[in-house]
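Both complexes shown next keep subunit A, but they swap its partner, so subunit B is in the first and subunit C is in the second.
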Partner chain A sequence: MSSRTWKRPPLIKDTTWRYGLLALMALYFVAAFFSYDVNWSRVYEGLDRGWTFIKSFTNPDFTTRWTDISEGIWESIIITVTSTVVGIILAIPLALGAASNLAPKPIYYLARGFIAVARALHEIIVAILMVAIFGFGPLAGFITLTFSTIGFIAKLLAEDIENISKPQAEAVKSTGSGWWQWINYAVQPQVMPRLIGLSIYRIDINFRSSSILGLVGAGGVGATLNTAFDRYEFDTAAAIIIIIIAIVMVLEYLSGFIRARVQ
Partner chain B sequence: MPVTTKGELKVWQRRDRAKQFKIWFGWFIGVAIFMFCWKIISDATTWFFVYDAPRIAVDIGGRAWPPRWSYLSELWKPMWDTINIATLGTLLAIIMGVPVAFLAATNTTPSKRFLRPLALLIIVSTRSINSLVWALLLVSIIGPGIFAGTLAIAIRSIGFVAKLLYEAIEEIDVNQVEAIQATGASKLQVIAYGIVPQIMPAFAGLSVFRWDINIRESTILGLVGAGGIGLYLQSSLNILAWPQVTVILIMILIAVVISEWVSSKVRLAII
Partner chain C sequence: MLELKNLGKRYKTGDDALKGVNLTIPNGQVIGLIGPSGAGKSTLIRCVNRLVEPTTGTVILNGTDITKLSSSGLRKARREMGMIFQEYALVDRLTIMENVMSGRLGYMGFWKSFFRKYPQSDIDEAFRLLERVGLDHMVDKRADELSGGQKQRVGIARALIQQPKVILIDEPTASLDPKTSRQIMRLISELCKERQLSAIVNIHDVALAQMFVERIVGLQDGELVFDGAPDELTPEALTKIYGEEDWEATIDDVDEGEENVGDQNT
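And then the complex of A and B:
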């Protein structure tokens, strides 16, 4: 009469792996923890300022720097619109090249390589280089975001093109269509909902990114935000952040609405 | 069906004239908006610098090559910091994000009227603001250093973790939950045995995915003083030490590629 109790099955079956991974993780956390050098008295001093910042959200100051804020926000929106449009237009041929079922091998590898580079570098790093090359201003921001939009859309669109239904594609081909007609009537209708969804999602991402490009001089509201923080004008910073959140929420609502209609 | 007659001949068209006109008008408005935006960018641009750009690019490229490999020895410590910022930041985000997710999911939230909107507000506000802005704020509050960077990554990731997790919680299979409830389990037990096993794969996947994104983001936090390799990027740029910049960029690229590879392997193993 042995009493048996049930135990949850462990996540990783093999015991050496389970305890080995745990030990490694523990070791890592100890090492990471000791490499942190936190100045607690400075943190404690800062708590007051943190509280001021949180309080400033109840009393944001839209008026004092309104011209700077509105110019910055407009510039962010304009960069978002132009870079998304140009990025999508350039991403479509790249996606066709990066789809393994359409493109010959050399083009495929070339396109995939470009996509990998475009996705690996953070927007800010690209923006720094673009500012160095093209000078300060929204053009550098536009080129930066166009570059990362191309990588994003091309990668996801290429994956969708690779997953199209073959019978439809063959049906169009068997009517004797040329390559362009084949792309236009067999591939394009199948990937269109996804492309629209991605594009709208990308508008959202581009707006969020365009609000920080100003930190490195690539246009947009980031420069104003940076100055506000540097001068401890938390009420102005709060106003900018509230505007950004509001616009992102509107975009997110719109994108949900449009994606629900398309798909 | 939209058909026009040309004498004897009937020609099929995809759309009738009114619809065709509407679509054309939509495109017209879109192109007009784009041209308007482009004009504003163009006005704000000093075109002389742009015409000069190819020469400048070649010039910078010439200065940046060959990379100064000896600089590499100074970069191991900031790279280690960068990885710590991303890893511990992700961990903190998970610790804070999981309760928020349970408060935000319609089927687990204790109060739909008060706690759910609050949780959704936390998700939206942390998600909409870039981690660089959080870093800017935290550096001005608690001072520069990797601690501020870690917190910035953590706060930015709360919304991401919580949003994807609460969507996973809302999509769970109700039968399993009811089965656990039927055994007389308490509310916490239902969560532990009915819900958690179902969302575990999604949870593990999104944590690793976010870690991968955070590696990329933490490489730049140093630009605003929040520690990591970005600090060295900033100082090398300030003194125009382009060969050092090249070394840093190569290092960042390798780190990002490795983390992406690890993350995709782990996600494939889980799902």
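And then the complex of A and C:
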């Protein structure tokens, strides 16, 4: 007696298509890879410079440029805190508008459109534009990060709002509550842990970004870092990077701790 | 008195969930609404407080046509209609007190409710109700810390603090064990008697319905096919509502007395 065999049905039924697509992908990958033009003698020279940079981490120089470093770090922290707070405050109403279960269609599309733009533009691109408008300095960085915080929080918060429990929402609505009461009693309690988690995560992201935006002149410790590289002061650059890593690690630890608490 | 006249609902998908239902419920009467899944029981009670907008017909509560109300009029009318849900529908992360007080939202302004500055008379009433349902010692617990039966008691308190004229009850015992189911149904029917409330109770458990309600209405495919006293619910009537099946066991349970009913998986 022959037993019935079974195989998992393939994703693409047609064998020609299935293997043809695989072969094409492999071909493209190989071709793409070999399009890199590697100048091996340049790499050989660069290894030396790279090694000096890495070695400088064993001997970071915090003191020579300490005034510049501390000013840069403070500026980054100021940008981080202000842009995160303002961004979240502005993101909340936008998230309400971008949640399909709350907002009427026109408002929904408007809010989703704004979010799409805010998320499509990378911070560096926005920062270049803001520097062009507001000039060099932390104000440009603050506005840049506020803008991208709005897009980030609003999108993810709106998704959480769309996933709230419908019976809970119905129950509060059925008592004769007004719209804002309904938001406050039925929606807010359900999305609060997510909002807190996202906010803390965003502090982390904004601090890391604020230490990069200086490269295009939007304030923060990035400017100091850039200057250090330009002057080949790798020991000062190493000091700055170590401070950034330390702060990010502290934030990471804090965010884990707080997120575990708010569930 | 709650009157449904020619009440119909067609969903956007084209499904006729309700096909011209006529039903009159005098003050103080508790009716059990039975019928197979998808018959339109949930839609029917949601059309009463317009959580679902009916497409045809009218709902008249003590002379007011609910279906004609503006949104602010509807909010006022909803205060008079309490609702109790299948999965309790408490807001998990709010305290018991906040959940009960959400039943008063229609009577208070936004900032008062936002800062949880409830009127003392409401707080007194909340404690009275929680005492009545046996939960006044846990007002500060979060709703998700309670057991199913306790949650449903909070749900009952939330509906009653509205001082409603009618309560709409959607499968109150579907997620509860047989013993708790009976306790909850008993509590609901006692409270309705005490306060002279009319109620529509959607319920799957026919035997349980027969024990606790005075009138049973059968809904089948969006139409009323039975309306009568619990003991008129013969195997023929059940066949009309649910379709062909051996109904003797279900009915027998009622004849044999209350104590076995809950254990039967019908």
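The working rule: the second predicted complex is superposed on the first by the 243 of 263 C-alpha atoms of A that agree within 3 Å, B and C clash if a C-alpha of one lies under 4 Å from a C-alpha of the other, contacts with A are read in each partner's own complex, and residues count from 1 in each chain.
One rule holds for everything that comes next: a residue touches a chain if its C-beta (ideal position, glycine included) is under 8 Å from a C-beta of that chain, and two chains touch if they have at least 3 such contacts.
The structure presented is a predicted model; accordingly, all values stated were derived computationally and were not measured.
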For A:P138 in the superposed arrangement: first (subunit B), second (subunit C), both or neither? first
On subunit A, which partner touches more residues: subunit B or subunit C? B
Touching A:A111 in the superposition: subunit B (first), subunit C (second), both, neither? neither
With both complexes superposed on chain A, which partner does A:R49 reach: first (subunit B), second (subunit C), both or neither? first
Scan A:F229 for contacts with subunit B and subunit C and give back first, second, both or neither. first
Once the structures are superposed on A, label A:A32 by its partner contacts, choosing first (subunit B), second (subunit C), both or neither. first
With both complexes superposed on chain A, which partner does A:A154 reach: first (subunit B), second (subunit C), both or neither? neither
Can you list the subunit A residues touching subunit B in their complex? 11, 28, 32, 35-39, 42-43, 46-47, 49-50, 53, 74-75, 78-79, 81-82, 85, 116, 120-122, 124-125, 128-129, 132-135, 137-139, 142, 208-209, 211-212, 215-216, 219, 222, 225-226, 229-230, 232, 237, 241, 244-245, 248-249, 252
Can you name the residues of subunit C that touch subunit A in the complex? 49, 51, 75-79, 81-83, 85-87, 89-94, 98, 102-107, 110, 113-114, 155, 158, 162, 168
Mind listing the subunit A positions that touch subunit C in their complex? 165, 167-168, 170-178, 180-182, 184-186, 189-190, 192-193
Listed in rising order, subunit B residues that touch subunit A in their complex are 33-34, 37-38, 40-42, 44-46, 49-50, 53, 56-57, 60, 80-81, 84, 87-88, 124-125, 127-130, 132-133, 136-137, 140-143, 145-147, 150, 200, 216-217, 219-220, 223-224, 233, 237, 249, 252-253, 256-257, 260
